Amino acid sequence: MSLQALAGNRSFLSLLFGALLVLPAFANEYWLFVGNLMLVYIILALGLNILVGFAGQLAFANAAIYGIGAYGTALLQVHQGWSFWAAAPVGAVLAMVIGTLLAFPALRLSGIFLALATLAFAQATQWVLWHWESVTFGAGGFRVPAPNFGWLPVKGDYGVYFLSLAAALVLLLFAWRITRSRIGRAFVAMRDGEIAAQALGIDLLTYKAMAFALSSFYAGIAGALYSGLLGFVSPEGFDLFQMIIQKAMIVVGGLGSVVGSVIGASLLVYLMEILREFKSTQEIVFGCLLVCFMIFQPHGLVVSMKRWLPGWEEPLHLVGRVAADASTRSGSYKGATPTERRAVERA
Amino acid sequence: MLMLSYLMATGITTGAFYALVALGIVIVYKSTEVVNLAHGELFMVGGMLAYTCYVMAGIPYIPSLVLAVAGAFVVGILTERIAYRPVLQHGLASVLVATIGVSFILKGIGRHIWGGKGDYLAFPPIVSPEPIEFGNIMIMSQQLVVLLAAMSVMAGLALFFKCTRAGKWMQATASNPKAAMLCGLRIDRIYMYTFAVGAAAAGAAGVLMAPLTHLYPDVGFVLFIKGLAAAVLGGLTSIPGAVLGGLLLGVIEQLAAGYVHSSVQDVVPFLIIMLALSLLPTGLLGARGLRKV
Amino acid sequence: MNRLAITLCAAASVATAIAAAGAQATDVVGVTDTEIKVGSFGPLTGPVYIYGKLAMNGIEVYFNKLNQGGGVQGRKLVLVREDDSCKPEGAIAAVKKLVYDHKVFAIIGGGCSNSTLAARPEIEKAGVPFHVVSAVADGIVDPPLANIYTTQLTATIESEAQVQWAVEHGAKKLAIIAQHDAWGRSRYEPMLQDFKRRGLQVIADEEVTVDQNDGTAQALRLKSSGADAVMLVGYPKAAAVMIRDSIKIGYKPLWIGQTAIQDLPALHNMIGIGGALSDFVTITTVPGHPDNKEYAEWRERLKDTFPNDDLSVFNLMGIGAAEVFAKVLDTAGKDLTREKFLAAYDTIDNFKSSIYPGPITCKGRHKCNQSPAFVKLENNSVVSAGTIALK
Amino acid sequence: MSILSVDGVSIAFGGVRALDNVTASFGAGEIVGIIGPNGAGKTTLLNVICGLNRPDSGDIRFADRPIGGMKPNRIAGMGLARTFQRSQLFAGMSVLENMMTGLHLRSRANLFAAALCTGRMREEESELAARAREALDYVGFAGFADRPGNALSFGQRRIVEIARTLISDPKIVLLDEPAVGLSLNRVAELDQLLRRIRDEKGVTLVMIEHVIRLVMGVSDRVVVLNCGQKIAEGRPEEIRKDPAVIEAYLGKLIDAGRAAS
């Protein structure tokens, strides 16, 4: 059934992934690397969107969890001499376990307060990466042996690339199916009305924990791939900027949309490479882009996709709908500006 | 004993930094329920403008300060216009991303204009730079200036909210936007001025601290994070809370650095945020934040 | 679904096949009869842009001067900048773009230690000549690679020099106060090893952060440890805060800085207290101060190209590196290849740079700059405090 | 026999006694109306019953088991459903998905089944969908299945919400002002619907309502709250002429009027 649902957007997705699939044949190493980054960020965005877009938990810890996945994978190889293939899953699970613990503060906090608590967690994680030198090698970072693809027809960069591609595809399919299942419905219910959700028998702790676990697992996998891709791990990769980028990806693509995550991630990675041309003014341009997206594409690109592309089948899970709903609910205040409407909403 | 008194004194003077930054954050959050993530950059803009007027153009200090604060005020209005008003009805996440966008823009502009003059721009102190005797310890007089400034800004804001009409409007809008609107207040405009006042506070902080923080495009970030910690500690909605939170944060930091080790100084604020939020979600003096049933 | 799967597998195998084939065929030379394309990467944005953008400005200024004089062997130098925003992935992407997209002849740059370290395998694989300008981590040139040279004092050299200066000037109790960020650690760790090597003990080991606004706590701890010399491994702000608050609590050890705080007048302004730097020496990459008259020409040239900017030490770092780089290019001769270019480095022996205090020697070593010079501030002008021979 | 009983329940918010020693019991298959002036504690009573607020004292029994202080979702699992004063239809879902969410506790599929999209999970999904459509049909909303939740009018949302509570075959349903904002003929429809639910499904309905016409018409019994205390209970016609109730609603005014005449 979920595959049927996929049909509407299959054209777009298979186009994108088809392109990513044949990319290695045509692209030079630089574009191969960019493509690989895209795949890693697609995984990150998928996970983060499950948490923020579907379950409505405005958490800011994903970058840190991503880092934990990367460090876990890399350190197991360096300290324990494990192979990448053994270390990666363990690293991902480690990230998942730690990420799941964040569900407990999430029980009491919501909105901006959850954001701040998780932000603090992320900064504290950075501090640990800096100072737990005996294990993490501190801020200086460390090299990671390249994954060994001995028994496969691919080698080096190409190996990591196709591994990321496979992982991204599988995780995309999982994300799609999960969000369309009763679990996805429970997430959206929590987001749109915790009280009503409880009254329908949805246990907040269970499902918040599940949402955090899922997104952390995705982040963990992405981290593992990232360490394999770079062959070098250091704290900078997982700082606040990293978090901001990921957040921007899902908001630009569309909160509460699986395809939106894919669009947002691939688009932003591509844009950031294009922006290189602006050299030292790229900060300014990037900032302007973010603001413009928020003003002109507030509910994410998938909304326009749905509007303009025939047969684009987007489930109603977009957070945007809630906002739209809000404005209709306060529609009684004729001529009210958006600000006023939201104010009334809050009152 | 001497060590303790030094650490306490330092804690309070650095805490005043955080308090001053936290004030601006609280003003904005109080009425708009949004944290302006470009606050740190507004701080930087204020400082840089003052530097341009005072050091580069040679304008006297007070006019420079006024100009810088005015400049920050205007930037605040712009921020509200491009990153808050048009985005608001699309939810918190959008506003956060938009204000992040603004912070990138401001940082980039700062780097472009002032970034080529070396790594740190030294802002000449407005009072004697020599440390002065204070009881059995020495204190940098400039730090006392910041402390006094924090207190007076707090008092000024209190008066502003109590006595001026604009202030009362902001209060009303903050506590009940619907009622305020039905009373015919243009809350659009009020939010705009709220942002502007918050920005002006950030700018003032930037100018006052410049001799101690020195100026560089990224000066605002860490102060913003610490100020945020202070504000959360104070409950995000209470002006005295912000000051209290700031001072507390400063003192705890110093004690940790002095008696545990200097390396833990930087993680303390974040541990505090986590604890504060998970143990007392309303902060020390705040009222909001609990899940509304 | 099945159909999808099959097509995927098919395409995958095809792609890998072609990829494997295409993987080898890359031999890039960014040289034409009229110009040489030189790449540079480093932070153009983000907090440490000074080590990238400003250094690159210096390089560009020097290249412009050469080009006005007809370039090197009749070829103009074209500088292509890429931002690594001081992040490993950024650096790898930047290097790949320079090598495979811009197809540059050589790279001169490298700002952040971590990101440059992360890019090293990439540079090694591509075999592109790489001249390090401002990144200090030893790992970038250690173990040596045929195609990587540096004219920057590396972290180890500076750290050892700091310690040795303290010892030679009669310090008995040595303390360290360091930033523990990537930059700081690349100096901090070799310093600890050097303490061990010399059988010295670290009396106090404190941390200061880049954005710290008050160092009283650290100063108190240092004072109570009774250290008489402090190795200061930090950026100017951290250094200024530390020295200021030490004076405040009446603690006056011998401060020994490194190249990040070589701009003494600026540091003095930041501290703001008269005579604050009386017991302060620091290593320098530039003997004088950017405002000194010997740099007048560079000040003007910089103003011409970047009107907003004032000549800074970081510009001079770039100029110095570019000077050596151009010298090597020139030595490599008219029919230029990467091999010849790299071979030419080995001819650089006791080269008198107009910027670096000591001679530059790449003959038989890849760390071309190994002569740390110390400077101090005397009645508001920077004067040499002497040099040391590393033991 | 009583299916839900509230015994001496009290709860206070910051000194204000929202409920003061309230005792009431609700029998199987009856419709009980709860009325009272604003601030009487009606919604609080519902919140306490369904576990959103924990009572300070007193105990609540549902299906012969104490449920005081249980988590809302546990209580819901035992077959107690409720609607809310302010529409709680999930805006981000279609009406059908809303209904299917109502079946949350009646479905089993776990994370892995969902991710791997196992055969059983697909069966379950289609089964849920079928039941959801059935339930929509029961309230005559079959046509709305694929509309987004927020595309419905207030009245429609109310009905769908009631359907969403019914879909999990609860023993008892608490309705918080179901008729608010409904036009007169819609109220009449609601009246019919509530009776049908009682008669055909044998579900107990507890309803807070201000539309006296509806509540007096449809209720078998009426409980009257005022200032957190139960001041009367009985059949509608008794309640109509209960002096305490009249006083609660109209204050001393009546007596004053009598005295004057």
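The first chain written gets the first letter, and so on, giving A, B, C and D; residue counts start at 1 in each chain.
Methods note: contacts are C-beta pairs under 8 Å (C-beta built on N, C-alpha and C of every residue); 3 or more make two chains touch, one makes a residue touch a chain.
Just so we're clear, the structure is a prediction, and the values are computed from it rather than from any experiment.
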**OP:** Specify the chain most distant from chain B by Cα centroid.
**Re:** D
Subject >> Chains linked by the largest number of contacting C-beta pairs >> reply: A-B
Original post:
Where the CA atoms of chain C average out and where those of chain D average out, how many Å apart are those spots?
Top reply: 71
**OP:** Could you grab the centroid distance between chain A and chain C? Build each centroid from C-alpha atoms only and quote it in angstrom.
**Re:** 35
**OP:** Averaging only over C-alpha atoms, locate the centres of chain A and chain B and give their separation in whole Å.
**Re:** 31
Original post:
Going by the touch rule set out above, which residues of chain C reach two or more other chains?
Top reply: 45-46, 49, 53, 180
**OP:** Send over the residues of chain B in touch with two or more other chains.
**Re:** 108, 111-112, 263, 266, 293
Original post:
What are the residue numbers in chain A that touch two or more other chains?
Top reply: 3, 131, 195, 280, 282-283, 319, 322
Original post:
What residues on chain B touch chain A, complex-wise?
Top reply: 29, 33-35, 82-83, 85-98, 100-109, 111-112, 173, 176-181, 187-188, 191, 225, 228-229, 232, 236, 263, 266-267, 269-271, 273-274, 277-278, 281, 289-291, 293
Original post:
In their complex, what parts of chain D are in touch with chain A?
Top reply: 50-52, 71-73, 76-77, 81-82, 84, 88, 90-94, 97, 100-105, 107, 109-111, 113-117, 121-122, 125-126, 128, 148-150, 164, 168
Original post:
Contact residues on chain C for chain A in the complex?
Top reply: 1, 4, 8, 11-16, 18-20, 22-23, 26, 44-46, 49, 53, 81-83, 85-89, 92-94, 96-97, 99-101, 113-115, 117-118, 121, 137, 180-182, 184-186, 189
**OP:** Give every residue of chain A touching chain B within the complex, in rising order.
**Re:** 52, 58, 104-105, 108-113, 115-117, 119-121, 123-124, 127, 131, 194-195, 244, 247-248, 251-252, 255, 280-291, 293-295, 298-299, 319-320, 322-323, 326-327, 333, 336-344, 346-347
Original post:
Across the complex, what residues on chain A touch chain C?
Top reply: 3, 14, 18, 21-25, 28-31, 33-34, 37, 130-131, 138-141, 153-155, 158, 162, 165, 169, 226, 230-237, 241, 273, 276, 279-280, 282-283
